[in-house]
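What follows is chain A paired twice: with chain B in the first complex and chain C in the second.
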Partner chain A sequence: MTDDIDAALEPEPEVPEVALPERPEGPTRRQLAERAERRRAVLIALFSTVVVFAALMVLVVSAPGWPDVRRSFFSWHHFSESLPDVLPAFWINVKVFVTAEAFILVLALLLALARSSRAPVLFPLRILSTVYVDVLRGIPVLLVLFLLGFGVPALRLDGVPRDPVFWATVALVLSYSAYVSEVYRAGIDSVHESQRAAARSLGLTSAQAMRFVVLPQAVRRVVPPLLNDFIALQKETALVGVLGPIEAARQAQIYSSREFNFTSYVAAALIFLAFTIPLTRLTDWLLSRQRTRISGGRLA
Partner chain B sequence: MTVAEPVPGTVKLVLEGVWKSFGPRDVLMQVDLAVDAHEVVCLIGASGSGKSTLLRCANLLEPIDDGRILLDGEDISEPGLDENAIRRRIGIVFQAYNLFPHRSVLANVTLGPRRALRVGRAAAEERAEALLARFGLADKRDAYPDQLSGGQQQRVAIVRALAMDPEIMLLDEITSALDPELVGEVLDVVAELKASGMTMLIATHEMGFAREIADRICFLDAGRILEQGPPDQLLGHPRHERTRRFLDRVVDSRRSIDTPPTEP
Partner chain C sequence: MAVRSKARRLGALVVVGGLVVAGCGSSDDDDAATDGDGEATEQSCAVEDLQLVNDGVLTVGTDTPAFPPWFVDDEPTNGEGFESAVAYAVADELGFSEDQVTWTTVAFNNAFAPGEKDFDFDINQVSITPDRDEAVDFSDGYYDVNQAIVGFADSAAADATSLDDLKGLKLGAQLGTTSLDFINDVIQPEQEAFVYNDNNAAKAALDAQQVDGIVLDLPTAFFVSATEIEGTEVIGQFPASGDQPEQFGMVFEDGNPLRDCVNDALASLKDSGRLDEIEQEWLSDSVDAPVIPLG
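So, the complex of A and B:
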């Protein structure tokens, strides 16, 4: 075998110079046809988009109730009136979201590690985290919110906060940690066993193999699904309002019942969108980048 | 079946009556094997004959079901021993390289020394760089595994194992996943290791290479070492019919690759 290779690698006898074929000048007929095809595709896409949206617009605008709907949902007057109310209230949503997200990332990771652990000492922890995930994924967030937000303060325990925003944040952390821990766990499971074997063969303990070899790869792989869950969480902060605090959606509701106009809801929706759409685009971008990297081999 | 009589004081690794099964399938059946210090032993045999499992058992990556494994006369297969401490003394290189894709070449090589041996960062990197330079990889220290050719990745994997200063190296078909033109550079590394006196146990499909580098070749067949001996004897004049048939098959398949079969 090596003999064959050595023979193949030996300097070959002088080869007469061969002229390289000349590169065709300018675009070839085939390249031109390709280009025309692409231009045609863009035109068709543009045309069909315009037609579909125009048709939808005509359909909505020509509906018998459109003038009423326009007045009650898309009133510029009510939009500019309600926005100054709704926008500051959105600050509560942002606060809850950012705080909850930070705690969820940590708690979910601990849950995932507890469930992935194989050490017998940690067995009770494994059971606990399994039960936790099963239970909290199964209860609607709204119910957790009610249970904690109304239940715990009602105990009137000394030193226990009674702030509904606090309990709303706790409820979201508990619910979402259950989901996110499963995302982490899927990531941990997706790292091939041979990586662990390679780490263990170097004499690393299983905890070290997890920390330096498995987890870094797992986290990288689950960033897009994690962001996906955070977009969902960002919207769920509107639930905080059911406990009393006046966040954006609740503020919109107040405005709408005072003025008999629904435009404030549209304003709230636009504020949420302004926050989630960048997150969504970021997720898409990360996903597509990851796909190219996987086909490039690094994360495969 | 004869086991080479180990010379006292120089025998490095001994497998004694090692038995390993996966469920109902017996993969190793009472394997006896002794590797002397500075000796290079090649394991040959068909796929599924137990070569890889033997190496994984020797490194304690797979627990054995019966028998003993001795390293420097000490039973390392005894339940309850610190496996991590033992693995640090035994290097293993895998068929699929198993480099850590999220770490640079340098970080791959220094991980073991830094975390398992608690060597300082500067010292670990200095030693890693020296090893990389020795195997022509100095300019790859900051590259990531996916930026390297298969041959380069496998050389990094060898360096990563060497960085632990192992007393013995186990090589598990390290050229099987490589493109044919990259096999040579990896085998050159193994030849250099032999020249430096490294004790090695090598599972391989490269008969030419085994003949060149091995002090002794063992033929594994269905979980048993059917026969062993010096390369020329075992490859040239095998005693067993099954060995002969295996070698014929290997030679036949090579010939059919090299020269297309002629029409009858």
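So, the complex of A and C:
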């Protein structure tokens, strides 16, 4: 055993230089083979994609109901007629979404911090935030919307706004901050206890440990699920319409009820997709980056 | 199931056609004969010859909640309220007894959407319009209706006496109604109209003062202001915007031959004065509201 270690510690013996055979210019045989393999894979993928999609197209278009389906859902005439109405209405959705998102991020973080607090004196805060999350997460958004949107203004209190868009935004904020606070909390819980202990041992207070050590790691981890919730929120803005304002989905419904054609809904759906798909792709990208980072960290 | 019942209906049609052609006639009060147009395909309106959604019963559709003065207590089966009474009068005229009438819930906008219907006719304050007529069939009108606007008596809206006075207001109406069309096409307010799933939501918004006024048919407007939302009044009613008065009609699946029989029934209800009596009984409250001229 000790001999082995001694041997290992000794300087490496000189390796006599061996003259390598002259490598010919250009790729090696192995590289060539790999390249051919890749090309074959691409061709097969391309071929199978084309075949499958062509078959799907033929199947759909030749289906007996297709002309009816196209007339009701994919009529170019109704699409170009309804889009100019639906697109400007989407502005309400955007406004509600952006405003609500900003407030949700803050309110949800406060809720999560309240639930994660450990000081005995903050116990009532923990109870309150737990009850809040339980209740608001359990009520359909639509009900919250009706309760606040029609209910509160009907009290006719002085100084209380009556604007339905305002109340719709409030309802979404209340509802979604309950969800999002749970996402934050999961992130906070996922930071190992030793991080907090180490921070405390360095002299940081509990609050400082949370602020400078736990939260930065926690938030970073939950960015993808946060985005996921915002995609959901973005779609939920269509609920604003039940209080009267004409947002994109409602505008589509108005068109549809007038023309007995569903293409306007498809137009509205496309507008929503144009908004959500980039968000979805961003989430995917962040997730995959995170996966690489974590596994990369482990290997190092 | 659907195929079978369709086959059965076809069978019934053939049998009926055969009967009429053969001149056997049936023992009913067939108006087709008195029409004198001599069409052999004219169907019989005898109860046993009618093609019904459910065998042996007349299935009538309306939305829920069914509200006054059209229905009473959200209960179409009690025969109370204008439309319930009209439906039972028509059923009686067709030869159905009261317990041969069943009601089914049909959302307002679905009533006149294209497609197969699970009612024989729908009676739900549906105005007859050319667009809707392409998707479904309508009976003759059973009520001439004016649009009206309801608002709080102490609000600025209450002083409106012309269309111009209304343009600056926030107005609301139910989705897919002629009331909404009226706001957009005739009043043309400066601020976009608010649109609600149903009249209840529109009323809630008015009650919450999120809108200055909601547009409804006149009898509903009277009911809302008199009994539902305290402090509101019918600010005004609007005369018909076209040459024809706006009319409520019963809705039938496109091409349903029952329509002609119901029209015969309606005609005899009009001739006998029965329809006027029903209107007097249920809609006489909605008499005078200030008229807001369109010109």
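Going forward, the second predicted complex is superposed on the first by the 272 of 300 C-alpha atoms of A that agree within 3 Å, B and C clash if a C-alpha of one lies under 4 Å from a C-alpha of the other, contacts with A are read in each partner's own complex, and residues count from 1 in each chain.
The criterion applied here is as follows: contacts are C-beta pairs under 8 Å (C-beta built on N, C-alpha and C of every residue); 3 or more make two chains touch, one makes a residue touch a chain.
The shown structure was predicted, so the numbers you read here are calculated from the model rather than taken from an experiment.
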{"item": "Chain A: partner with more touched residues, chain B or chain C", "value": "B"}
{"item": "Which of chain B and chain C A:Gln208 touches, first, second, both or neither", "value": "first"}
{"item": "Contacts of A:Ala197 with chain B and chain C, given as first, second, both or neither", "value": "first"}
{"item": "Which of chain B and chain C A:Pro124 touches, first, second, both or neither", "value": "neither"}
{"item": "Which of chain B and chain C A:Pro278 touches, first, second, both or neither", "value": "neither"}
{"item": "Touching partner for A:Pro216 - first (chain B), second (chain C), both, neither", "value": "first"}
{"item": "Partner chain(s) touched by A:Gly241 [first = chain B, second = chain C, both, neither]", "value": "second"}
{"item": "Residues of chain B that touch chain A when the two form their complex", "value": "59, 61, 84-85, 87-88, 90-92, 94, 96, 98-102, 111-112, 115-117, 144-146, 160-161, 164, 180-181, 183-184, 187, 206-209, 212, 254, 258"}
{"item": "Residues of chain A defined as touching chain B within the complex", "value": "1-6, 8-9, 194-195, 197-205, 208, 212-213, 216-217, 220, 296-300"}
{"item": "For the chain A and chain C complex, residues of the former touching the latter", "value": "149-154, 156, 162-164, 241-246, 250, 253-254, 257-260"}
{"item": "Interface residues, chain C side, partner chain A - complex", "value": "109, 113-114, 131, 135, 172, 175-176, 180, 192-197, 201-202, 204-205, 207-211"}
